[in-house]
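In what follows, subunit A forms one complex with subunit B and a second complex with subunit C.
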Partner chain A sequence: MSVETILIVGGGISGITTAVEAAEVGYNTVLVEKNPYLGGRAAQLNKYFPKLCPPYCGLEMNFRRIKPNPKITVYTMTEVESVSGQEGNYSVRLKVSPRFVNEKCTACNACAEACPAERSNEFNFGMDKTKAAYLPHVMSYPMRYVIDRNACKDNSCDKCVKACKYNAIDMNMKPQTIEMKVGSIVYATGWNPYDASRMDNLGYGRVKNVITNMMMERLAAPNGPTGGKLLRPSDNKEVKKVVFVQCAGSRDQNHLNYCSSICCMASLKQATYVREKVKDSQVVVAYIDLRAPGKYEEFLNKVQADQNVKLVKGKVAKIEEDKSTGGVIVEFEDVEGGGKTHERADMAVLATGMEPCVKTNSMLSFEENGFINGGTAAGIYSTGVAKRPSDVTTSIQDATGMALKSIQSLVRS
Partner chain B sequence: MADEKKIGVYLCTDCGIGEALNVDELEAVAKKEFKVPVCKQHPNLCSNEGVQIIKDDLNNGEVNKIVIAACSQRVNNEVFNFDPLTYVTERVNLREQVVWTAPKGEDKEGTQLMAADYLRMGITRVQKSEVPIPKLADVNRTVLVVGGGVTGLTAALESSQAGYKVVLVEKAQELGGWAKKMYRVFPTKPPFAEIEQPTIGVKIDAVKKDGNITVHTGTTIASIDGGPGEYKVTIDRNGLQETFDAGSIVLAAGWKPYNASKLGHLGYGKHRNVVTNLEFEQNVAKTGGKVTRPSDGKPAKNVVFLQCAGQRDKDHVPYCSTVCCNVSLKQAKYVRESDPDAGAFIVYKDMRTVGLYENFYKSAQDDEGIFLTKGEILGLKEESDGSLVVEIDNQLLGRKMKIKADILVLATGMVSSMVPDEMSVNNLTPEYIGKMVQRETSDGVLEALEPESLILNLKYRQGPEMPHLKWGFPDSHFICFPYETRRTGIYSAGAVRHPMDAVQATADATGAALKAIQCMELTAQGRAVHPRTWDRTYPEIRFESCTQCRRCTVECPFGAYNEKSDGTPLDFPSRCRRCGVCMGACPQRVISFRDYSVDMISAMIKSIEVPDEGTFVLGFVCENDAYPAFDMVGLNRIAMNTNFRFIPLRCLGGLNLVWIADALSRGIDGILLLGCKYGDDYQCHYVKGSQMANERLGKVQETLDRLMLESERVEQVQLAINEWDKLPGILAEFSKKIEDIGDNPYKGF
Partner chain C sequence: MAQETVFTPDVKFVRELQKAGADTLKKCYQCATCSVVCPLAPDDKPFPRKEMLMAQWGLKDELLKSSDIWLCHNCNDCSKYCPRGARPGDVLAILRKTVIQENAFPRFMGKLVGDPNNIWQALLIPIVLFLVILGVTGHLHIPEGQVVFSKFFPVEIIDGVFVPLSALAVGMFAVSISRFWKNMTEASGMTPKAEFMPSLIETLKEIMTHSKFRKCDENKDRSVSHALVFYGFIGLAITTGWAVFNLYVLHWELPYAVDEHSLAIFGGSAALAWAYKIVFKLFANASALMLLVGGVLVITNHLKERSVETTTSSFDWLFAGIVLMVGVSGFLAQVMRVTNFPAALAYGTYFIHLVLVFYIIVYLPYSKLAHFVYRTAAITYTKMLKRDVEM
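And then the complex of A and B:
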């Protein structure tokens, strides 16, 4: 008799989808996420292409489905330590890192107000700071604060503890181990942006106004470091002209051998951020191929129709700082116009690709780029970008299917 | 039990509520105005001790309707969690939406009045609310799969492997669809570099052997009646009909090639050796891998592939079919395998080998006999021997060139099977595919849409097929909930709903099978399907007051109602998504849910104490997006005016015009409707809800005229969940506008 529980590793949009969809069929699901909140990369996006709608809208609806459903158990700040057994009966050990804030937290913000220490805000890719006592982001689920102990002033500081009237802060919280039995496991461990500093020629880290596409999402977001204003990092000046550099790492044998599948649409979407937020702004997109598959073509047409958006076929060779303006000089080959050319702009956005987060695990089989094909044993599956580079809706499609595959494991064993 | 209406009000004084508000006065509102039997304050209601107080009252039988005046209904759900089939629970949001948005220092009185009104509305709501009595259904757990191609076969097998019965209906004489007609397939597995032998035969055999699956080939669907859990499906095989029960449906009717006869400008139909990619494939399959000229059967030495033939083209197929780049790469490899000295030339707009298919593209680039260039066709000539001269603009080299070719292959695209042969994909009637006809009505001859029966033949009042948004693809809640179509229990999958390859179609079919199974299980428990899966209420109709106006049957975004011959709605609760759009549409107010009704909201409006002076605004807000946005205003401690009150609705489409009249006759000066974006890029979780509200608003003029009020007093604003920063400005601006119009003359009456 199989254990009637499915473990889902990763609480981004794919993992949430698998957990919720399987639970709504009637199976118990355990959703494990290493961040202190659910939503993963989707939560960091300002808008989705091609509808230009906010990811929070769909996430909120998923959270609404999670909250009243007793069949879903969520563990944040949790990672899988070990897995053993076989389909229908896996033993798993989870490690829960201390949040230092317990369930008594009312999200009143008193701890953050009292906290004297700051930390780099990784949710905004380090573009601003939070207090050491912080709420990961404004629509966090669960709506509960976290203490970053590494960022505390010193070990004896207890200002937040004193500020909390609810005894919600416990500085003595220890890592916890949870053991459980599950019938099947779905890895929805998602992706990291490719490390842009590895592409020396593109100047990231050296030229101040070169940022990545994920940083651009945070700049444009109303709860981002600039409150949604497109200010360039060097001097907080609003950007008037932006160059998007496609395939920054992707389709490149020295970096990522594959196409990350979303970056063309992401840059076209971000072109609309620039055009909407800054009057008379200009956008240049330098691409190898414009990949707006299927119905997305219509979105490409819409962006293309904007006179102030220039789409140029050509791979960017080099980005340097424009010493006279503090901006950037982007050198590339204009394939159709013929010959080497360059664009001066306030900022360059690198369309960096997606790399799977989990690249080694004895329970999993990987293809050559590190994407997870599935388990080495039956009853283990992968989904979302952990499996293949894909956009949100394709990930959700696949994650819904993986809910069924993981249910089949319980049914047959 | 619940009908004894023992209301308990629990006021939390924590998180700044106690400091900003006089909670004793709120207690007085509950006790004196509403005479609630139990009203208690607690300094930290979400603590174990706080919750225990409520539990004790429940267990002692003193309370069966709970009003928690504390934080937002979006938080502490696991704490304030009381059996929803036994107790009615209402959350009054004093924290995020009153105290945390209160203007600093000044206007303490305004904040207090606001809190009191929200408490009044909360108590009124529970007074009018009853616990649901779930409509448990004896559900038939059989999935009907329509279409026997790769998508349908997959949906059938995956459902069966989860333990469900399947009936698969395919109109062709054999299973396999287009996949069976392929000579080889482009890569389906890592490293995605080489062409593969088709495996469709394995899938067909598995389906045939599966004891859970019944297959009907050469069969079409004559009709589908009923709803999820209780479909009556009638199939037709050569005129012989058979009827059976099904619980849910996967629509996997697939695609058809674009009609190449419209591509005369590319030489199709004119020149003997111009073929579509599908014809090329079939020729190669016939010869067992030899690439030969259609005109004379001679081996082909040079083959040109023209990508996006009639695609990405507003005059033909406006979208990209996603598969054609990979198909042409595959077929270029046929050319090379057929004759190592032969050459293939692919002319593209953009090479769209997305994701790991980059490897496949690379493997073609590594072959010196395959030439690839961005370009456009400039001219085409046929020589006497049937050879072609293709002139192209080679945009990589920046010059024109002529290629002598034995065959020109047009990479034509995919059209959804929902599009009738005689219709153009870019010129279909909106929402329901059909024809515009002249119809005699009591108002004279009017042009009306007559939807066409194509595949499913649903006996639904709104039309026999799935509504489409564009280009004939059945609409679903793209992006976040791609399977949520506008027909509950019917899930479309594969190329019928979006151009896709076999790998994607396989994944899509598996997801659709999950949704079909889930729908049957939720229906059996009397629950709604997505998104309100927690909801066990359903619309109840007071038929004796129905005037057969048909608004509910027309406006339901999901086609949940049929009509009796006199126009009375015939309800199918299992088709219903519980959005309440029908409730909002009904001028007679005959449709209600046990915990949500026109009368309830009217009573809530009437419970508001409208101040005698100053502009006062009532907002109806979507509870899924605008309401959380309002919470975010609080979480960010952005101060707002206190001259408004909000009432959350399941969907703004539930707005009933009687509430506008109620509010205005109460002296409320202006009414603001905050709902989701509508139109092609709609964000409404119920697809048409916010649009319906807007259409209804067009009719509000009548009400306002009757009351002799200005139409500007009612306004709808489209607000996304992340636009909380705009909310204070929207309110201030609206308030200013109303102030300029002047007081509602009914104020004080």
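And then the complex of A and C:
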């Protein structure tokens, strides 16, 4: 008889979906997330394509499904340390890092106000700072603050503890180890943006106004570092002209050898951010091929119809700072028009691809590009971008399917 | 209706290119990274992206008449950044080799020298020729006594072979180049904006300073090794002319003994005679050394860049090898002569040296060395069109 629990590793949109779907059929699910909040990369997006709705709406619906359901256990700030056993009876050890804030937290912000220390805000890709006592983002689940002990000025500081009226801060929390038995496991470990500084010719890290597409999502987001204004990093001037650099490190044997499949649509979507937020703005998208399959073609046609959006075939291979304006000079060959083009703009957005987070694990088998095929043993599955580069819709569909697969595994064993 | 353009892909040509070493050309997916990272490609109709497409389609005519492929100095910045490993730099090198071969006059010489598989036949020609001449003139034996090369291979015979054959090579080359020039200028479809002579002078200046070469990022070292080989060759050409002057004008014969005759040339001053001799020897040896060091650097750079087993640019490999061996054999021959090495070895080395010199001089219009004329012509024409990048 198998253990009737499914472990889901990764609390992004895919992991949440698998957990909720399986729990709502009546199976116990344990959702493990290494960040202090659920939602993963989707939580960092400003809008989804092609409907251009904010992801918070979908995430909130999911959080409302998690909260009242006793079948779902959520562990944040938790990583899987080891897995052993076989289908139907896996022994799992989890390591929970201390949050230093307990369930009494009401998210009143008093601790952050009292806190004297600051830390770089990785949720916004370092484009702003938070206090050492902080809420990861406005829709965090659980809605609870975190203390970044590495950012604290010194270990004796207890200003936040004193400021908290609810006794929610406990500086003596220790790392915890949790052991449990599960029947099947789904890896929904997601992706990281490819490190843009590795393309030395594209200037990221050297030219100030070169950012990545994920940074663009944060710039455009109302809860982002600029409150949703498209300000370029060097001088906070509103951008009038933006160049999108497609396949920045993707389809490139020196970097990611595969197509990340979403960057074309992401850049077309971000073109609409620029066009809507800034009057008379101009957008150039320089691509090798435009990939907008199936129903997405309609979205492409809509963006293409905008006179101020120019889609040019030719890969950007050089970006330099424009010393006279502080902007960027983006160089590509206009393959259809002929000739090298030196496009001057306020900002360049690198459409960097998706790299799988988990690259080595003896329990998992990987395909040639490093994405997870599944387990080396039965009863272990993968979903979302951990499995293949895909958009949110496709990830959710796959994650629903994987809920069924993992349930079948329990029933079978 | 849009105008119709008909392309007739020459599949045979594509296969030939692949076989010659451009085996990566089909990997190109036309992203144009190469055209942008190339520091030598002009903004208007840059290379090598368009050449990669033409090569994939087998557009032989367009490619063989192109001046752009000669603007490329094979620094391989493009190959480094190519996301597909299509190695545009190597493909262009093979295209240049093909141009040399296709314009060869007579045609069979292009095949003989251009295809590295025919190297033994190509070397056999001078070997047999020299042996026959030595046999007929009664010199086919190892001379007794101190090693003096002219005892084995008299200077008159060397001059008798090399002078007419060099003249023939120059004549053949002139036919090839005029054919190339005609094709290139007709195919460009553009009207020159500058005169020939100023463009040529500017081109020669560029070549002397290697300024184009030094624009490379990926292979900066190559400009150094190429400059060494280049100036080594020029130095040795001057040395040869100088030796001819000594022999036929001063009537001072090898090995330039400071005797009554030579003292008479220098007005009886032994110091002057010695100084002249030493300067001559130093100049000759410095040139040979440059060729030798340059040759070694060329080969080590090649090794650093790509593994030996690729067929890629075996044409380049072959020539680099011959240049190095000319330097080595020449140097060794001199050392053996001075140190009175066993005669058979010294004369044998000298014989090999002469065979390789024959290869370099007589095969000039067909070997990799021909590039210096093709390239000069193409860059000059590009400058006439005002299409070249500013240095």
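Here is the rule we use: the second predicted complex is superposed on the first by the 413 of 413 C-alpha atoms of A that agree within 3 Å, B and C clash if a C-alpha of one lies under 4 Å from a C-alpha of the other, contacts with A are read in each partner's own complex, and residues count from 1 in each chain.
Just so we're on the same page, a contact is a pair of C-beta atoms (placed from the backbone, for glycine too) under 8 Å apart; a residue touches a chain by one contact, two chains touch by 3 or more.
Because the structure is predicted, anything quoted here is derived from the model rather than measured.
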item: First (subunit B), second (subunit C), both or neither touched by A:R251; value: both
item: Which superposed partner A:G227 touches (first subunit B, second subunit C, both, neither); value: first
item: Touching partner for A:R64 - first (subunit B), second (subunit C), both, neither; value: first
item: Broader residue contact with subunit A after superposition on the shared chain, subunit B or subunit C; value: B
item: Partner chain in contact with A:N201 - subunit B first, subunit C second, else both or neither; value: second
item: Which superposed partner A:F332 touches (first subunit B, second subunit C, both, neither); value: second
item: Subunit B versus subunit C as contact partner of A:A317, first or second or both or neither; value: second
item: Touching partner for A:K359 - first (subunit B), second (subunit C), both, neither; value: neither
item: First, second, both or neither for A:E298, with subunit B first and subunit C second; value: first
item: Subunit B and subunit C contact sites that coincide on subunit A, given as residue numbers; value: 251, 335, 338
item: Contact set on subunit A toward subunit C in their complex; value: 201, 247, 251-255, 288, 314-318, 331-333, 335, 338-340, 342
item: Residues of subunit C touching subunit A in the complex; value: 29-37, 41-46, 49, 81, 83-85
item: Touch list for subunit A against partner subunit B, complex; value: 13, 21-22, 24-26, 46, 48, 50-54, 56-58, 60-62, 64-65, 67-69, 104, 106-109, 138-139, 143, 165-166, 221-223, 227-228, 251, 257-261, 289-298, 301, 313, 335-336, 338, 367-369, 371, 373, 388-390, 392-394, 396-405, 407-408, 411-412
item: Residue ranges of subunit B in contact with subunit A within the complex; value: 14-16, 44, 46-47, 71, 74-78, 81, 84, 158, 161-163, 189-191, 312, 318-322, 350-359, 374, 395-396, 398, 470-471, 473, 478-483, 498-500, 504, 507-511, 513-515, 517-518, 521-522, 530-531, 533-534, 624-625, 628, 632, 635-637, 676-677, 681, 683, 685, 720-725
